[in-house]
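Handing you a structure now.
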Amino acid sequence: MNTFGHIFRIQIFGESHGNFAGITIDGCPPGISIKEKDFKTDLARRKSGAKGTTARKEEDKTLIISGIHNKHTTGAPITILFENKNTRSSDYNFRTHPRPGHADFVADKKYNSFNDDRGGGHFSGRLTLGLVAAGVIAKKIIPSIKIKAKLIEAGGSKNIAKAVENAVKSGDSIGGIIECRVTNAPVGLGEPFFGSVESLISHAIFSIPGIKGIEFGSGFEAAKMRGSEHNDLIINKEGKTKNNNAGGINGGITNGNDIVFRVAVKPTSSISLPQETYNFETEKTEILEIKGRHDACFALRVPVIVEAVTACVLADLFLTHK
Amino acid sequence: MNTFGHIFRIQIFGESHGNFAGITIDGCPPGISIKEKDFKTDLARRKSGAKGTTARKEEDKTLIISGIHNKHTTGAPITILFENKNTRSSDYNFRTHPRPGHADFVADKKYNSFNDDRGGGHFSGRLTLGLVAAGVIAKKIIPSIKIKAKLIEAGGSKNIAKAVENAVKSGDSIGGIIECRVTNAPVGLGEPFFGSVESLISHAIFSIPGIKGIEFGSGFEAAKMRGSEHNDLIINKEGKTKNNNAGGINGGITNGNDIVFRVAVKPTSSISLPQETYNFETEKTEILEIKGRHDACFALRVPVIVEAVTACVLADLFLTHK
Amino acid sequence: MNTFGHIFRIQIFGESHGNFAGITIDGCPPGISIKEKDFKTDLARRKSGAKGTTARKEEDKTLIISGIHNKHTTGAPITILFENKNTRSSDYNFRTHPRPGHADFVADKKYNSFNDDRGGGHFSGRLTLGLVAAGVIAKKIIPSIKIKAKLIEAGGSKNIAKAVENAVKSGDSIGGIIECRVTNAPVGLGEPFFGSVESLISHAIFSIPGIKGIEFGSGFEAAKMRGSEHNDLIINKEGKTKNNNAGGINGGITNGNDIVFRVAVKPTSSISLPQETYNFETEKTEILEIKGRHDACFALRVPVIVEAVTACVLADLFLTHK
Amino acid sequence: MNTFGHIFRIQIFGESHGNFAGITIDGCPPGISIKEKDFKTDLARRKSGAKGTTARKEEDKTLIISGIHNKHTTGAPITILFENKNTRSSDYNFRTHPRPGHADFVADKKYNSFNDDRGGGHFSGRLTLGLVAAGVIAKKIIPSIKIKAKLIEAGGSKNIAKAVENAVKSGDSIGGIIECRVTNAPVGLGEPFFGSVESLISHAIFSIPGIKGIEFGSGFEAAKMRGSEHNDLIINKEGKTKNNNAGGINGGITNGNDIVFRVAVKPTSSISLPQETYNFETEKTEILEIKGRHDACFALRVPVIVEAVTACVLADLFLTHK
């Protein structure tokens, strides 16, 4: 399933070292102004090149294939491609020596060795380009709702720059925690049970490579609180609450307060440090050294992707409910 | 959306104080042995009556309406009802005085005051009866996979009995943390991106009332680890790993190791202690006292529901992939 | 798949000789007035008892299980049951002697003989009760759109009463042609390609047992016409056309003129006349005589079902597009 | 909704005069051999250029963007593009002078004039290129099932060449009837009610531009038959029947006999002959003359598209049921 959404639906496709990664967005209303430059800010936030990110250099230029005419959405499906240019062939065999922490082993088994294994193939952070592009369009559908995600901790430290620098120096990698805050969402988005806002956002968020946890409002801390502490007191007739332990969601439905959630990003699997791996030919453990380019802290690039998938969920709910 | 699943699909319906809560399971294969007694153990685990749970007494007898014939599934949709008997009318007006932490306010707004507000209406833990029943059937579809969830902490304490006792005594409520472990899942369940095992399990889990967080494997702890620590070393050709920081999932796909996740349950919103609330008629805060029955620790009843929805996800993936 | 619809979604369940047939309607907006008597007219039109219909007598009383409170829809799923009372056990073995024209053979094979075979089990016209109930609710969602279906021909004859009488006398059965006309549908319902109005209506219509053809506007006759004849001339700025060869649909989208389609209902498979059948035990053809109750012209009861599923499609499109 | 399918899912996109038309196929199993030349025969059958088809000349070269590696499907989504080269700007204004029989009027209304109106935009037979490509892949998933569609009548005549010649000469257009026969489909494909084979095939078929009717087996003729005539006698234990009035489908499920259906294609809307049209600026009827290229008999190109969407339905059912 490479599709998500009910009215505003996205379909991603592509591979790390194929010719293109891309996305199709179906169900987007007509008449939304879209220019190529609208994508720039968010694509730049996702881009590598900064300290702690991979040396792979890509232009990340949006190629709009369909669905946009006279600089506006037409109501027909929007397909956007991103060319892969800076690909490198590797001598490394991901089938016999699956990289620890990567999807190499499971992809080989699941697809009977027919999966494209170059650079991880379809299991690649490169595919998140399409998510960011969809997010740009989704945000325009709900212009009054503001979605802001930021990295609040990396490698267990609030001093993110320092933590990244250490990771780079040591040839290792670190993860991080991202907090996302949505302001101005109306009361009433979401559906009971399987359409709860938490269900939909978590579903979308766990599609981002490397995410291993999510919590809403007080989250895991709530499990230690008493009801008398945790219950949020409503203080005006718009439903504004004094505290926001619920993270803006009651019974799966937005309550008009800020939607707040945090996600845990694991440390990048690819590291420069030599590490042990299993050789499926010799059936023995050996030392593996992965040459080349990797993100020491992929979490640096994730906030904009978190915003993008959250925007897709909220735009979809907005279009469903209006 | 009160439906979930792709091949094995569940649809829940009902209200807390209506005549019935129920579920329809569509897409269940024919020939699975189902007797009424098969539901007893899991329904009993969900049941109230024990210390720390609500005094509402229900028989929770399964009324099988369709889809089972000669004690086997037929391949047609299975509908199961549960009668609500021990309902009580309340003088309390959930519209003018929405209970803090409950869905009263959002339900009233979302449904223009047409929602059934008796006992929370459709937003009720009572609906999880159907989930447990679906879980019993789902478990039978994947008999070799074992799913075990347990409450590992309540109110911040490992001494669960003591914590519950204190909550009851003080007229307050507590939440807890549940760990779920799935053994014997085959390699290769799940799909890249939006069909990731984490996406599907979290989607289902957040449909359970009161869940505010989920983490897989090392989860939030992973965000503090280095790649060299976190990467799980494969140690045999079946893909068994030395550690299990990934919680049995790489790239969204099961890797054959135990699937492990934890969920955070918030403290029950209903408490006996007087608390402040907002009166929508006077537009002033006042003191509210909710008489009657509530769970001091609803988390005690959640493990079997966690198992049930996890079983539904895994049965669905199993049927999709086979 | 016993489900249909995108926003307004229906799930049917039940068996001919089980305890109940039923339906769940999810996605119905709150605040729609529904009383038990609202179902009466349409259920009566579907009912047997008239000349040419089966002697099975059922009360067809709606048992509302959920989703309706204070005589209005609540926004939660609506489940309605119909009790099966007038069931008769039969000595006839549908597995060894599948009835010609029935689903007996395919159901036995598909479900490895676990299907409920009493009276056809899940493959029963009895299940259309739920469709009619859903149609009653759907019609209320789109009150300004009028949907009228009628039997315009039976057994090849416009004199329907006479044709039915002959069929009854001879112990045989006949089919018929039903025309459905939808007036007042707005311009713009439907989506290009797989969401075309013809795609959705035909999908729903072919779920009704016994339907073997559908044509929109001039339909099969159009295949014999020239473009210069067939093209409908627009005559005012609302898009009203001089003729209506298109049946109210261009490019899959409603054009504001009447939606017109006809469906072909095959003759009922069950007949009193002795007929040849295959005995799967002896592996020989033998003469079969089916005692008992059957519709000599099931097509008499189908118009209201055609209206119902059409109403479900249009209500769904209306809710999706608004 | 530009998507179709449950396991084998297709998403189409593109415009007549945009840069590309294309398709994404998700859910295709890995390991299916696909070479560029595999597409040639079917794409050639759809191609224009023959007598009676449009003069628009396109290479129809498949550009494979993703999902195929080492000449085999990988299990990841397959995206294929087709470049539009032979586009011509037209002075003709489809908004003020919508072409009779076309989607111009409804598209303009539905999309608030934001739709791409060049050459019909998204409402174009050009989009069926992707369907044909998907059909080529679908046919490879079910290699033992044979699907053959042919034009059996054009403009009401069995002498198709003559009818086409007359249409071309007169500057008019004709439609036709296509019969599709599927041999070797196993018993048991399809699901009761909304997953009936007739529901799914008709849904897919009506996504093809210009289709206005479909009938299975004896179809509309069945409505004139008696049950004793129409019921198909089983003659061996594989379920082979003496006649095939049911068109290979009972109760919505394949019975192992040939699936047979016919579809009605209306005459192409674009004709060279001057015709009346409505001018939305002057609000008067006037004479319209559409210069240029059109199919005098688009039905000539439709059989391969009918095969393609049928193959998609059957591949999807096959993958769902296996």
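Going by the order they are written in, the chains are A, B, C and D; count residues from 1 in each one.
In the analysis below, contacts are C-beta pairs under 8 Å (C-beta built on N, C-alpha and C of every residue); 3 or more make two chains touch, one makes a residue touch a chain.
Only a predicted model underlies this, so the values are computations on that prediction, with no experimental measurement involved.
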{"item": "Least step count from chain A to chain C, where 1 means the two chains touch", "value": "1"}
{"item": "Pair sharing more residue contacts (C-beta pairs) when B-D is set against A-D", "value": "A-D"}
{"item": "Separation of chain A from chain D, taking each centre as the mean of its C-alpha atoms, in whole Å", "value": "37"}
{"item": "Where chain B and chain D are represented by their mean Cα positions, the distance between them in whole Å", "value": "45"}
{"item": "Interchain centroid distance [CA atoms averaged], chain A/chain B, Å", "value": "26"}
{"item": "Contacts with 2+ other chains: residues of chain A", "value": "1-3, 6, 12, 76, 110, 122, 192"}
{"item": "Chain contact graph, described as a line, ring, star, complete graph or other shape", "value": "complete"}
{"item": "Partner chain D, residues of chain A touching it in the complex", "value": "1-3, 9, 11-15, 18-22, 24, 26-27, 30-31, 65-67, 69-70, 72-79, 81, 110-112, 114-116, 118, 121-122"}
{"item": "Residues on chain B engaged by chain A in the complex (per definition of touch)", "value": "1-4, 6, 12, 98, 100-103, 105-107, 109-110, 122-123, 127, 153, 155-156, 167, 170, 172-177, 187-188, 191-196, 198-200, 202-204, 206-207, 209, 211-220, 222-237, 239, 245-247, 250-255, 264-271, 273, 275-278, 280, 283, 285, 299"}
{"item": "Contact footprint of chain A on chain C as seen in their complex", "value": "6-7, 76, 192, 320, 322"}
